[in-house]
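Multiple structures follow.
Each of the next two complexes has subunit A plus one other chain: subunit B in the first, subunit C in the second.
Moving on to the complex of A and B:
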C-alpha cells in the first residue's frame, strides 16, 4: 500500500488548516489574481484526488475526466444556455458524479497498478470522445469566449477578485468535506481497506461499495474544481481532459504529501508557482518539475507536509514511526 | 465491402498488433520479474525511433543497423534507470515505481522536446522495403509486411528463449521465487537488471520499426502507451504467450471495428477493455487475483 504520512495530531492539523487558510486569504495580494485562482482550483482538485489515493489507496491516472468533463458541462451550459453560476456548477458536479459512478463501477474491479492503468485508459477515452463530438465541444479549439455567469440576480462574476474568493470558498467547502469524510466512520473503513483489503472484507465490509463511494466523492469534488476552472478562464479545451492533467494532479499531491489532507493544498501552489516562474525562462518547465517529482518519489516520499509532520513528531517523540513508512 | 478491402484492414490490424505485441511483451516480462508496471515504456519506444533517426542523420547508419543498435542503446539506458532509481523502490508498494517511471516518462519526453519540438521529423523508408506487393487479394506496402514479420519473429524468439533456454529457466525461476533462486547461486540482482533492460529494449525495437511509418516525434510514446495499457488490461499480465496473442488480436479487432463503424476507431480498444473488465476482470490470460 502507498503509505500515508503518520496521522496528523490535532494541533498540527489545526496549524496546517490555519496556515492554508491564511495562505488562501493572502494569495491574491502577493500573486496576480489569475494565478491565485488557479492555485485554489488545483488545490481543491488535488485534495479531491488525495481522498482516493491517500485514504483509499487507489491511484487514479484518469482524474482529468472529472475535471475536464465538468469544465465542458459548465462551459456549455453557460455558453449556450446562459445558466447562472450555481445551477451551472451544480450540473457540472452532477455530470462528474455520473461519470465517476459509471467508470468507477468498472474500474474498481481491479486494484493497484491495474486500477491506475484502467483509469488512465478511460480518461483517454473521454478525451477521444470530446475530440470526436466537435459540434458540442469545439474539438481542438475547445470552448472559447465563455462569458462569466451571473452569481445571483443582477451580479455578474466579472470581477476577478470576487471570483477568487468564491473559488476559495468552494475550495474550503470541498476540503472541509474531505476532512469530514476522512474522519468519519466511513473514512475509517476506507483506511482499513487501504491497509488491508482482505481483512476489511473478512470483517464484513463490502469493500467494493466503499471504494466506489470514495471514487464518486473524489470525482464529484474534482468536477467542482473543473467547473470553477472554465468560469475563471472563460474557456476550456481538450487539455483539461488530457492525461497530462491527470498526471499534474498526481504530481501536486505527491509533492505535498499523500494522505495528509493539507499536503495537496501546499503541493498545488508549489507546483503552479514554479511552473509560472519557469515559463518565463524556459519552454520546458515540465522538465524541472519532473526531475523534482522523481527526487521526491525517490527520497522524500512523504512529500512536503508529510516530511514536516514526520520531523515534528520525531522531535517531540510523540510516537515512534517506522522509517520508510 | 469486398474481400480485398477486408484483407487490407486485417493487415493494418496486424501492423498495429505488431507494435502492441512488442510493447506489451516487454511490459509483461518486466512485470513478471519485478511486479512493476513501467510507465516510461512509451518514452523508451519513442527513444528507439529517435535512435534510428539520429543514427541515420549523424552516423549514416542504415535501418538494419538501427534495428539492432537502437534497442541495445535503449536497453542500456533502461539498465541505468533500473540500477540507479527503480531498484531503490523495489521493496515498496509497486505504485511507487509506477509514479517514478511516470516521472521518468515526463522528463524524457520534455527533454526530447527541448531539441526536437513537437512537430516531428520523417524517417526514410529503408532501401529495398519501399513500394508495394500484390498479394492476390490485396496490394500491400512491403515495409508493413516486414513489420509484421519482424515483430512475429522477435516475439516467438523471446517466447522460445524464456521457455526453452537455460537463461529463460533462470528468469522463470527468479520470477517464481527470487530468494530460492538466489540460494541456488544465481545472481538475481543482475538478472533483474538484464530483464528490465531487455523489456525496454523491446519497446525500443518497436520504436525503430514504427519510425518509417509515422512521424518521429517526442510525443509518439505517450500516445501509444495508454492504448498499450488497455491492451495489457485486456490480456492480463499473466503470460508471455498471452501478451503476444492479445497484442495481435486487439490490433485486428480494432481495425475491423473501425471498418464496421468508423466513429468508434479511437475508442474501440477502451470499450473492449471495459467489456473484458465486466465479464472477466482478470483479463483473458490473467491469473485470478490473489494468485496474482
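Moving on to the complex of A and C:
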C-alpha cells in the first residue's frame, strides 16, 4: 500500500517536474527572453529558499545576501579578471557557501522571529558593506557593463537565447539538487526536525548541525541564482542585496507553496509576469501585487501548487481509507 | 548503578521545582516516580534527559558524568526518553517514524546526496519493531491519523528503536481509556525485559504491575521510597495525594 501511495506521490512529483520543464522550454517563445531568463533565475532562487523554509521551517529574511553576494563576486571576477563562465559561477557559489556557513553558524540556534531578524541583520550588514566599499562594488552605481563571459573556448554568451538555455540548465541542475537533498535520508531527518524538534533531539540528532547544512546548501544554490543574474543582466547593484530582494523570494515561495520545491517554480513566474505587466499599466505595481498576494494567500492557504498537491493527496487518502474502514 | 542523581536541584525564578533529589537506579530495574501534580516529576525527567540543565547537583549515567551534556548527547549514550504529550512526527508515516528513529544510529542520516532508498535497509528492523508493538496494520498511515492508543504505542516504538540502555517513560498511559491501558502495560513490560526503565505514572494500577521500586515526589522532594506495597500504605503518601486533591 505504501508503494501505491508513494507511487502516486511520485506521479504528482513527476507531473510537476515535467510541467515545470515544459514551461521552461516554452518560456522564451511566449515572453521576451529577458523576462524568461529572470523567471528561471528567480525560480531557482525560490526553490533554494524553499529547501530552508519548507524543510526546516526556518524563515530567513536575509537570503539576498547569498543571491546578491554571489552576483557581486561573479560580476567582479568577470569584469576585472575576465574569468569565463564556469570558474566565475563556481567561485560565486563558493563565496555564497562561505557566507552561509558563517552566518548560519551564528543564526541557526535561534528560532522563529529571532532567526528571521538575525538573518535580516546580516543581510543588511552585507548591503552596507557593499555600499561602503564603493571602489570595489561601485557603491550606489553597482557593477556596470559586466561583459558576458565566454562559456568555453571561443564561445561568448552574447546570444540571449543561448544564455537563457544555459540558465535553464543550471536551474534544472539546482532544482534537481534540492529534490535530491529533500528526498535523501538527510532530508527525512530534516522533515522530522521541522515536525518535532524536541523529539528529534531526544533521538540523539544534533538538530542544529542538520539545520546548518540545510542553510548552507540553500545559500549555495541561492548563490548560483545570483551568479546567473549578473551574467544575464550585465550588471548588478545594491538592489540584489536589499531586504526587498529577500522579501520577494519569500513571496514567490509562499505563492507557489512552501515545502513543495515545485511550488516556487510556479510562484516565481506568477509573481514576475504580473509584476512585469503591472509596471506597464501602473506606477505602483507594489500596491496591486500586495492585493493579489493577499487574495491568493487567503484562497490558497498552502500556496497554488501546495493546494493542488494537498487536494490530490486527499483524494488518494479517501480512496485509501474508504475500503478498509 | 546505571543512573545516579545526586542532590539535584532545579530552580525557576526562585521556585524550586526539583529540590535536592537523590535517585539511584540499578541496571535492569523498573522504577516508578509518582507524586501529585506539580510535584516536579516532569522537571526531573527533563533534567535526567538533558533537556534542562540543573541549578545544582549532578547526574551520572553508565559511568559518565552527564550533568552538563546536551540532550542529543545524552540520548546517544543510551538514555532515551518518551514524552508525556504524545510526541511523534505527525505528517510522516508510522513506518517512517520508526525508521527516522532507527536512522539516528547510522551515518546515512547525514548523507544528503543519497536517494531515499539508502535507508531501505531499515525497513526490516522497522517492520519487526512495528510488529512487536502491534502496529503493523498501521505502518503506512500518517502518524497523525492514528487513534490515540496506537499513537502511544508508536511513541514507545520510536523510543525503543534506539535500543536504549535506560528508558525514561513520561506517563506512558496518560490520556488512555481503560481498555487501552492494558495493552500498553504489556508492551512496556515486554520492553523492560533486559532493560532499565524509569517511568512517571499517575495510574497506580500501572505502577503496581510494572515497578519494583517506587519513588514518591512532593514539592520537588523525595518524601518516601520503597516497594509499591510499602509506599502505598505510607501515611505521608496518602497525605500528599489527599492534600494534592484538596489544593
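Throughout what follows, the second predicted complex is superposed on the first by the 299 of 325 C-alpha atoms of A that agree within 3 Å, B and C clash if a C-alpha of one lies under 4 Å from a C-alpha of the other, contacts with A are read in each partner's own complex, and residues count from 1 in each chain.
One rule holds in what follows: contacts are C-beta pairs under 8 Å (C-beta built on N, C-alpha and C of every residue); 3 or more make two chains touch, one makes a residue touch a chain.
As the structure is a prediction and not an experimental result, all values here were calculated from the model.
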| subunit B versus subunit C on the shared subunit A, clash or fit? | fit
| query | Just subunit B (first), just subunit C (second), both, or neither: which does A:201 touch? | reply | second
| message | Applying the document's definition of touching, compare subunit B and subunit C: which contacts more of subunit A? | response | B
| Which of subunit B and subunit C A:122 touches, first, second, both or neither | first
| Does the superposition put A:188 against subunit B (first), subunit C (second), both, or neither? | second
| query | Is A:97 touching the first partner subunit B, the second partner subunit C, both, or neither of them? | reply | neither
| task | Check whether A:180 is in contact with subunit B, with subunit C, with both or with neither, and answer first, second, both or neither. | result | second
| said: Between subunit B and subunit C, whom does A:286 touch in the aligned arrangement: first, second, both, or neither? | reply: first
| Given the touch rule stated above, what does A:213 touch, subunit B (first), subunit C (second), both, or neither? | second
| request: For the combined overlay, can you note the least CA distance between subunit B and subunit C, rounded to whole Å? | output: 9
| query | What part of subunit A is shared between its subunit B contacts and its subunit C contacts? | reply | 1-2
| message | Which stretch or stretches of subunit C touch subunit A in the complex? | response | 49, 51, 70-73, 75-76, 80-81, 83, 87-93, 95-96, 99-101, 103-105, 108-116, 118-119, 139-140, 158, 161-162
| Inside the complex, what are the residues of subunit B that reach subunit A? | 36-37, 85, 88-89, 92-96, 98-100, 102-104, 106-107, 109-111, 113-114, 222, 226-227, 229-230, 232-233, 263, 266-267, 270-271, 273-274, 277-278, 281-282, 289
| field | Sites on subunit A touched by subunit C in the complex | value | 1-2, 5, 180-181, 183-189, 191-192, 195-196, 198-207, 210, 213, 217
| request: In the complex, go through subunit A and note every residue touching subunit B. | output: 1-3, 59, 61, 106-107, 109-114, 116-118, 120-122, 124-125, 128-129, 131-132, 243, 247, 250-251, 254, 283-284, 286-287, 289-291, 293-294, 297-298, 301, 324
